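Have a look at these structures, which come just after this line.
Look for chain A in each of the two complexes below; its partner is chain B in the first and chain C in the second.
The block that comes next holds the complex of A and B.
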């Protein structure tokens, strides 16, 4: 996604959308593009696992005798343990389900918070201009220039471990990009008739932003949010892997990868299963984002599927 | 102590073995007549401590003196015979000259300067390659200090406060110059000088004038003099048996003044010059390698056998294991990582590449005793009774063994008297109720991110939950944990429980007692203070008879065990990763792998 993609001329589809692309077809017929269907189905599957997580067992129950081999190694795949056990004799399946739950909670909440913060900054800066614009947009530049992992570790050092910390870190690092997007869009619309009419009628600045500009941001942000969610899932896993995210023993996909890495030579499933889960969740969000983009004529011309 | 790079060291070297010397009260029972002046007699003296099974091993020391048949009998297979007694694990004879050994490490050495280096990689290179002991060196597998650069055990004055060392002639630095008594004075003054910021200054605080040098008030160490090139006289403020251990450790080894001045302190930390069996020929921090080659003029003729030892660091532990397996490296510097130990021991092909050796280290949870509920002894004892160490041992199989008592499980000649805590949740609940916590309480357990702490913490968390003690885990980086501990030691911070360990560098309980348990000790982070322990520790420190002082340490162990300032969990084992080419792999927990007697 680039700012350019976010603000094409209104009412015209990009050149790539012309002709018989899937997106154009989907728009014509009103059907969902296949990417959107696939992504939604995949995400629905993971949401159901997350909701039904308690059915898969207790992710914290350690069975140091029965859950490990005689020499203290994790158990392989068996009927009692469909995905084997981890190094503390806990059910890998239960931990996977709860890890997916953690990832999705982070994806959804951090997505909402970071986009809300970013959109507010972009709207205020774009509409009011002046020193406020200078301050907010330079802050945004700083936000975009930060090395994510390093900055995250610094913030992590200031807070106590847990889900809140991860959400705060992701919000603090992920707001700048939507702020940029929204700012560009506001600049495009700032001097349109409906905005200036509103101001001429005596509406306050906040009212104009709230009633006339903010609704125009929705298509843009709805398309952006799956991409943001995908990044959030990966970043949560990164943080937990580095020991700066969700603390053990809470199951998180990053924690599971971190634990599983040591066991790669004798229990590779402990690494591969959570890694595959992250891959598929990220994939589902990306497919949804792509599908939504295909349905939005303003954005359809830019696609990583390259039609 | 911890490295500032990504990989935390698996072993933490004590920054300080000793309390400030001012706390020592000179006792009356020092018997200078017990001090022998020749090496044989000295060995007999240390051997006289002989308790339990160690007695046999130590009795053997006294027959290991120069020219005795024991040294040559030890040679297997008719290899080279070393006609001299060399301190450290035996045998030294029987090797074949030549060959290169490749050692792989996780961390870079923090410095190879003997006064500055402390991490695992540095310690190994300093204690066994560029330097080897100091005036003294540790004897056999578990023995105490015996003469090394000193020609014989020191003569002790009647008040126990003056030690006179005669130096062995013909000991040379790698640059060819002979080691003289003045080198020790220069090296110790350099080490104590605050500008070098050595971690090890407190080892020498019992020398007269040492504190003045440490505080920057004096440049010269008043209590050491060299009447001639081969005589060194050391004056102590009070009798202190640990000073001989300090003299056996490489921080007190001689460094040549001319080389330090030529290279400067930083460069000397990369390419140090010493009298050890190997000289460093290259140090490449970009390629993460160092190369050490055989020193032809080594003080023990015939040694070392190897032509060269190479180091490579910055390698992930699981990759190290693969490299050992396919023969790309010969030795795993940090040993088998605890996450791999169970797997390695369960796989015959890998198990063949391991060697088990005693390791005087232990692991525990520190209880910060200032605030409720931990200020109650019953609560602390309850925590000790509520953990099931056998279950933890399932996960640390091969690198730690369950051990619910103060001090490492195996210390030379020390017989534990304290009955280790065992798993008894019912008793734990009862004690918690007596202490006024029938429904338990909540607390935070802080741990570093290096293994095996995260796993141990999770197990302890679930075990304590069963008696109503609900822990939340706070995992931080190793360096962050150190600063939290330092804050707690100064009376601040918010630590309640944290995971910690100790690897002794002296073969005596004094190492832990003087660093962890006496009031104001350097690593007494939880500010544990028991006047009885302090009195006994000072008394033990001035007691030169090992038998007598170990009785004092046994009483100290009992007191500490009952006070329960820690949740005692595990005692360490050393599981070495040794390639098939290596012969005569010898190791001590204090001084690591003995390259001088290794051959391929």
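The block that comes next holds the complex of A and C.
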């Protein structure tokens, strides 16, 4: 997590940004850029695995006799166990499918919650100004200065293990950057005609924010959300790996990797299988993010968690 | 300039204090009794009560809060519950180890990222390849990359030690992990800035003036690349010094991140507080240094950034 904390470096777009001219062309013709197509296809593949997870077997079924070699080692790839078994003789394929399901659920829910909280803070601070702005934006500074992993471990201590805990942690840490993004955007639009005419017509502040400003945040947030989702997937795995997210025996890519670490010298597939899954899921979100930026070059500055 | 600096310092101080207050309150809500963690097998309530009195845990939250922050302002970070020594003396050697790792990591990412970026800028055909390397590295979680390097170079090729520790041999893989994870950001900045610069009017002028390629690269191109790269280096040093928790856990590197994780498990509140505060200070200070350096290298950025 090199993205830990820190304010965004002005004028730095995220790496891998596709050329603006190709993007402008794609936008005019309404075609999807190749990155967007590839990312969406990859994500769709994982969504289907997540939905069909029960078809791949029971992730909790331990088979200490049939699922291990005679000397008690995990099985390699075979017809009965397409991705082998783990140290407890559980099917690695079944665990993988459920791990992917966990990752995607976290990516979707935590993405929505963190961006909603952040956008609300940014909108209120940017529109109303005054003491509210000072309080909210200093709070955002605090949020950005928090050492993420440590803060996550502290919050983890407050709650019982499970999906809710992971989502709460990610929301508590990931709202600050979108808050700053939205705040900057509101400041840019604050004195535009459509906002001031809304006010002049006597609409209340909240109404102007809700009806006139919020819709303008949409492209920004849609572009940011796949990057945020990628961070959420990585963070869930990190938390579960550190024992502060989703606890065994529930399958999560992070705790599968943690199991794989213990078997590194004799069963490397227990690391490689979940590692490949997490890499590809994150990559699908990043490709979608790059594709959206290519379609909308004005938003090329939207970057990954403050970088 | 001086006003900007003062304002930034005050904001930074507020942010650090906010982090400290949050951490203090959070630690109190964490279920678990430090006295019981210290004496897990103690049978009598009197023993536990005795420990609580010694650690001032029997006092109300507000009193403990006031005590802690009064001490903090005097520069006293308290005493570790578990190690029975001052937190400052406990944390300092760990900070040194984290400092070495942070430095090695930043050097690695600048070298790897810079090379990738320069290649992409000078040879357009390499650019697509560099972009896919970037994307793969970006998508890779830190601890996964660490474990993969450990598997390849440690367990398969026997080129690196697989046991924890803190020596020149043990720093290679964690530093390489940080370097590879951070490299795409540098590669991107260097590639973008260099291509912009190479096609700029001032480089064309320099060519027309008859300067050698080397002089043009050094005097005109690299100077423009330096400024955003410096900002990034500052940000990275700050965030790495706040503890590279996952990398330190994967490789057993005895830095501040590993200390923080262990102290959290032991409910060693003063140590956890100190690691969180040191981390926040590092982030804020290095952000500031990065901005100052950038103003120095590139005077155009002296105006207050939005």
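Simple rule for what comes next: the second predicted complex is superposed on the first by the 278 of 307 C-alpha atoms of A that agree within 3 Å, B and C clash if a C-alpha of one lies under 4 Å from a C-alpha of the other, contacts with A are read in each partner's own complex, and residues count from 1 in each chain.
Criterion: a residue touches a chain if its C-beta (ideal position, glycine included) is under 8 Å from a C-beta of that chain, and two chains touch if they have at least 3 such contacts.
As the structure is a prediction and not an experimental result, all values here were calculated from the model.
Shared-chain residue A:241: touches chain C; no touch with chain B.
By the touch criterion defined above, A:278 lies against chain C but remains apart from chain B after alignment on the C-alpha atoms of chain A. Residue contacts after overlaying the shared chain place A:265 against chain B and chain C alike. In the superposition on chain A, contact of A:60 is made with chain B only, not with chain C. Once the two complexes are laid over each other on the shared chain, residue contacts for A:141 go to chain C alone; chain B is not touched.
Of the two partner chains placed by superposition, only chain B is touched by A:88; chain C is not.
Shared-chain residue A:287: touches chain C; no touch with chain B. More residues of chain A are in touch with C than with the other of chain B and chain C.
Once the two complexes are overlaid on the shared chain, A:252 sits clear of chain B and of chain C alike. Applying the stated contact rule after C-alpha superposition, one finds that A:154 touches chain C and leaves chain B untouched. Comparing the two interfaces of chain A, the one with chain B and the one with chain C have residues 157, 261, 264-265 in common.
Across the complex, chain B is touched by residues 60, 62, 64-65, 68-69, 71-73, 87-88, 157, 160-161, 243, 247-249, 261-266 of chain A.
Within the complex formed with chain A, the residues of chain C that make contact are 11-12, 14-16, 18-19, 22-23, 26-27, 29-32, 131, 134-136, 138-144, 147-148, 150-151, 155, 162, 178, 181-182, 184-185, 187-189, 192, 228, 231-232, 235-236, 238-240, 242-243, 245-246, 249-250, 257, 260-261, 264, 272, 275-276, 279-280, 283-284, 287, 301, 305-306. Against chain A, in their complex, chain B makes its touches with residues 318, 321-322, 337, 339-340, 342-343, 345-347, 391, 394-395, 397, 449, 451, 454-455, 457-459, 461-462, 472-477, 480.
By the touch rule above, chain A contacts chain C in their complex via residues 1-2, 4-7, 9-17, 138-139, 141-142, 144-147, 149-151, 153-155, 157-158, 184, 187, 230, 234, 237-238, 241-242, 257, 260-261, 264-265, 268, 271, 275, 278-280, 282-283, 286-287, 290, 304, 307.
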